[in-house]
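Across the two complexes that follow, chain A remains constant while its partner is chain B and subsequently chain C.
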Partner chain A sequence: MRRLLVGVPYVWLLVLFLVPFGIVLKISLSDIALAIPPYTPTLDLSGGWAGIREFFSQLDLENYVFLTSDDLYWKAYLSSLQIAVIATFLTLLAGFPIAYGMARAPEEWRPALLMLVILPFWTSFLIRVYAWIGILSTEGFLNQFLLWTGLISEPLTILNTNTAVYIGIVYTYLPFMILPIYATLERMDASLLEAAEDLGCSRIQAFWLVTLPLARPGVVAGCFLVFIPTLGEFVIPSLLGGSDTLMIGKVLWEEFFNNRDWPVASAVAIILLLILIVPIILFQRNQQLNREAEQ
Partner chain B sequence: MAVSGKDDVFAPWKDATAEPLIKINGVTKRFGDFTAIDNISLEIYPQEFFALLGPSGCGKTTLMRMLAGFETPTSGVISIDGQDMSTVPPNKRAVNMMFQSYALFPHLSVWENIAFGLRRDGLDKEKIAARVEEMLKLVQLGKFAKRKPHQISGGQRQRVALARSLAKAPKLLLLDEPLGALDKKLRQETQFELMDIQEKTGTTFVIVTHDQEEAMTVASRVAVMDHGQLIQVETPEVIYEQPNSVYVADFIGDVNLIEGSVSGLDSGAELAWAEGRDPLIGQPGASLSKGQSASFAIRPEKIAISAEEPQDRRNRVQGKILDIGYLGNLSTYHVELPDGPIIKCEVGNRSRIERRDFTWEDEVWLSWSDTAGLVLPR
Partner chain C sequence: MRRLSTFNIVSLTLGFAFLYVPMLILVIYSFNESKLVTVWAGFSTKWYGELLQNEAMIDAAWVTIKVAFFSSTLATVLGTMAAYVLVRRGRFFGRTVFSGMIYAPLVMPEVITGLSLLLLFIAIGLDRGVLTIVLAHTTFAMCYVSVVVSSRLVSFDDSLEEAALDLGASPFEAFRLVTLPIIAPAVISGWLLAFTLSLDDLVIASFTAGPSSTTLPIKIFSSVRLGVSPEINALSTIIIAIVTLGVLTASIVSKRQISQRLREEAQAG
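Coming up: the complex of A and B.
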């Protein structure tokens, strides 16, 4: 019985992570072919031991070598990293004051404020990103509003630029930044700030010396929760970004669906996963340290 | 109790020339409709160990928070060392506070917690280090300097909090239920440690507590509060032996209260308490008039218990033993009088193998001297 219970998560990981990962890895080592599925070789067990040996002998690292030969790919990885870092920073700038305000709000308001943060999840992510097209386009609500107020005389080009991508990412991932920061700030003992003031801090000093260091675990968790999915983000750059918005998620999509080059697309995906492993491990360590500190 | 270096007893409140450190003048604090502090005036002198004592919600914490600067009085003036405090924020007061939760910064080590206030003053590094070491020595925590607050025990945390609040050498130290989170034995030890430290540093301490034993042990003077008012401000002895009201007598220690009316004021105060009984005789605890309804207050340890009727005392009543509580160092007898009231009486168990004369249902006499009890107006 105990083995069964412990086994369930392992079976889950095996079936839903390791097996698909193995398939993608295998495709990335294959060659493109005009066939269904569009790669070769395929494993044919009827050929016996010799057939399997033949199958493995045809696998090679050709696609990975190809990724290094065309500068599109490493530029896309770097550009994705840059966009993810900047977007995470912008989300932190927007999210921290909101989380701080929520944690400082009267206690009876907090559930309602929390609800407002979570509410957007109740509609489809895709629809919400499409809605931003309506807001940001040349004839969109934002331009109409700015023209009406007289702040601008010509409509701004926001849609299909990196600015629109940043707006989309900050908007979409804001709750992932707010919630962990709010959780740490809300738990903070209010008498700590009084103690800091009592010992000679101004309010602003108390914020820098007490509130911010104590919110650090929440800030770190929030940053990882935004950074990790943003790095591989595909929908937002393809809907809101322009032709010059280079992100690896978009490249992957084009390789897979437009070029029908499954092996190269798989190689791109494997490299992306390897890049993500570093922040994911760091995130896990941060969570572990926090748990230890609380004990 | 703090005693000055001279031979006479430390009692600046009796000295007309002494200058108080804190002057609270007609201070009222309202939160909406609720009056937390109701027109209080109080003077606290340098080097006093002053206790604010009362049940929760009596306003003692609000009064302390006003001294620290976290609350401002609705009306009235608080001045510390001659300076009006109404516009001085907490971080600009020569007052430090030890919080009930200790409020130690969890991300800083013991050393850094103690240095926190000193760093805000912009002292140079050597001076800060020297002062922190001095504080660590004072509270005997030198070995734990590098630990974080979650790595030390509750008693150690309490001492770090004390060291941190004393590090800046404040004129006034406020202690909010400082021993509330400690277990009884540690609490008693720490009470004496606190008194030691107060004497060594010569700082004025104001302690807020709901624990009357704690207030009595540590304080030079105790202010008993109720509903935002000061009921009595006196030394622990006077508070215990000369309470000015039934409230104070009942709040501090154990007391028997017998209700009646004042029947005579010739020799002490006489209280008629039951039909056909001799009146009880005691000291008047406040100004009384004849016929006024009053309570007779007598402490259990001041009552003698005997099998025979004592002839030499005017205050004597007969009753039946209802309950006996054996507490080790003393025994408590609950004696029911024929007219209903139950009187508690304490007898010390002086020798180890005592022959106990009384048992349940025994008829006994209770007696006490004319000066043992107080007659207090109701």
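Coming up: the complex of A and C.
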């Protein structure tokens, strides 16, 4: 009984999570071939030990060398990092005031406000990205509005640029930023602020010296929750970005589906994972520290 | 009592407008007469009619619902088992690897999960179709379910289970009669989360779907790439309406349950 309880989910994850990674790693070391499947060598156990040795001797780092020699991949990794960093910062700028306002709202409003933040998270991601196409296009609502107000005389090109990608990321990931910040601000003891003001702080000083440091764990958690998925994002750059928007998730997709180069796509995936390990470990440590601080 | 400053009111108003206006525009323009999505030409429900006659779309919707139902149910069973094992069963061989495998899919980029699963299915010669999407969705959704259920398991005292065992219940009976009723709300929200994640997923489904098993997000994505269409607006409106109703119902039900529990506790106390 107990073995079954541990064994079933364990084996499931081994077969459908860990083994597939082994396969990606193996294919990233293989060569592209005009065959089905389109790479070589394939493991053939009928050759016995000699066959297995032969198989391993054919694996090499050629695809990784290729990734460093072609500018495209360098630029894609760097520009993904850049986009993810800037977008995370913009999401923080948009999210903090909302979380702050929610935490200061009367207590009986808070469940409703929380609900309003969570609701978009349940609504289809794809649809929320799609909604921006109609707003940002040349004849879209934003341009219509700006032309009507007289702020601009020519429609702006926003769709299919990096600006549209930033807007899309801030929009879709905003709840992930608001919720952890709200959680830390809501727990904050209001008397701390009163004490600071009694001791001669202005309200703005009190905010910088008391509220912001106390909100730090939530801010850090929110930033990681936005940064990590944004780095490998595919849907937003491919729907809102232009042909010059380079993001690694999109490169991997195109390498796999359009160029059918499975070994290079696998190598791209492995490098992306290596880049992600650092923020993931930092995130885990932050969560661990928060848990310990609470106890 | 703290008061909302003007700054708070402005940031809340702008924030929620930013979150909701895009969806509102989408919903309003699904009732637009014109094929041009950004020009209003009068009220009409004709795009809903056309949507209902689009057989490819209806087929895709069916595939999506089937996949979501089976994968979320399977994920709930596996995820609850995993959470129970991790929270209640102390140490066992390979525990670190196991908890690593539970948390890793939560932060894994979808393109990598999709690619690796597709390569697995090809390596073992499994034809791509509904089954492969269900397997893929179950794998990442069970991790979410397990996180939701373990947070509930951690918060209640295991002495209740021990008492049941001391009174002669078998471990299975103790789980079914004591633990399960307590964690039921978390199991249900885990199922709902898994169901929505599956309905919503484009990237992993694109890698693991076969030609005969197109899901709704794949269909939407391929038509959206060609630009905005009023039919997709109509479909989006239907999806938004279903999700809003579902979330509101769930929150009302859970609020009732909480107030009922509080009342019972007050009576007992």
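Here, the second predicted complex is superposed on the first by the 280 of 295 C-alpha atoms of A that agree within 3 Å, B and C clash if a C-alpha of one lies under 4 Å from a C-alpha of the other, contacts with A are read in each partner's own complex, and residues count from 1 in each chain.
Keep this in mind: a contact is a pair of C-beta atoms (placed from the backbone, for glycine too) under 8 Å apart; a residue touches a chain by one contact, two chains touch by 3 or more.
Since we're looking at a predicted model, the values are computed, not measured.
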| item | value |
| --- | --- |
| Touched partner set for A:Leu239, first chain B, second chain C, both or neither | second |
| Touched chain A residues, chain B compared with chain C | C |
| Partner chain in contact with A:Ala293 - chain B first, chain C second, else both or neither | first |
| Which superposed partner A:Leu214 touches (first chain B, second chain C, both, neither) | first |
| Touched partner set for A:Ile98, first chain B, second chain C, both or neither | second |
| Contacts of A:Asn162 with chain B and chain C, given as first, second, both or neither | neither |
| Residues of chain A that lie at the interface with chain B and also at the interface with chain C | none |
| In the complex with chain C, residue positions of chain A that touch it | 1-2, 5-6, 8-10, 12-21, 23-24, 27, 37, 94, 97-98, 100-102, 104-106, 113, 115-120, 122-128, 130-135, 137, 139-141, 144, 171, 174, 190, 228-229, 231-235, 238-239, 249, 252-253, 256, 262, 265-266, 269, 272-273, 276, 280, 283 |
| Residue ranges of chain B in contact with chain A within the complex | 68, 70, 89-91, 95-97, 99-101, 103, 105-107, 116-117, 120-121, 150, 164-165, 168 |
| Chain C - residues contacting chain A, complex | 2-5, 7-9, 11-12, 15-16, 18-20, 22-23, 25-26, 29, 37-38, 78-79, 81-82, 84-85, 89, 92, 94, 98, 101-102, 104-105, 107, 109-112, 115-117, 119-120, 122-123, 135-136, 138-139, 142, 146, 171-172, 196, 199-200, 202-203, 217, 220-221, 224-225, 227-228, 232, 236, 239-240, 243-244, 246-247, 251 |
| Touch list for chain A against partner chain B, complex | 189, 191-192, 194-202, 205, 209-210, 213-214, 216, 293, 295 |
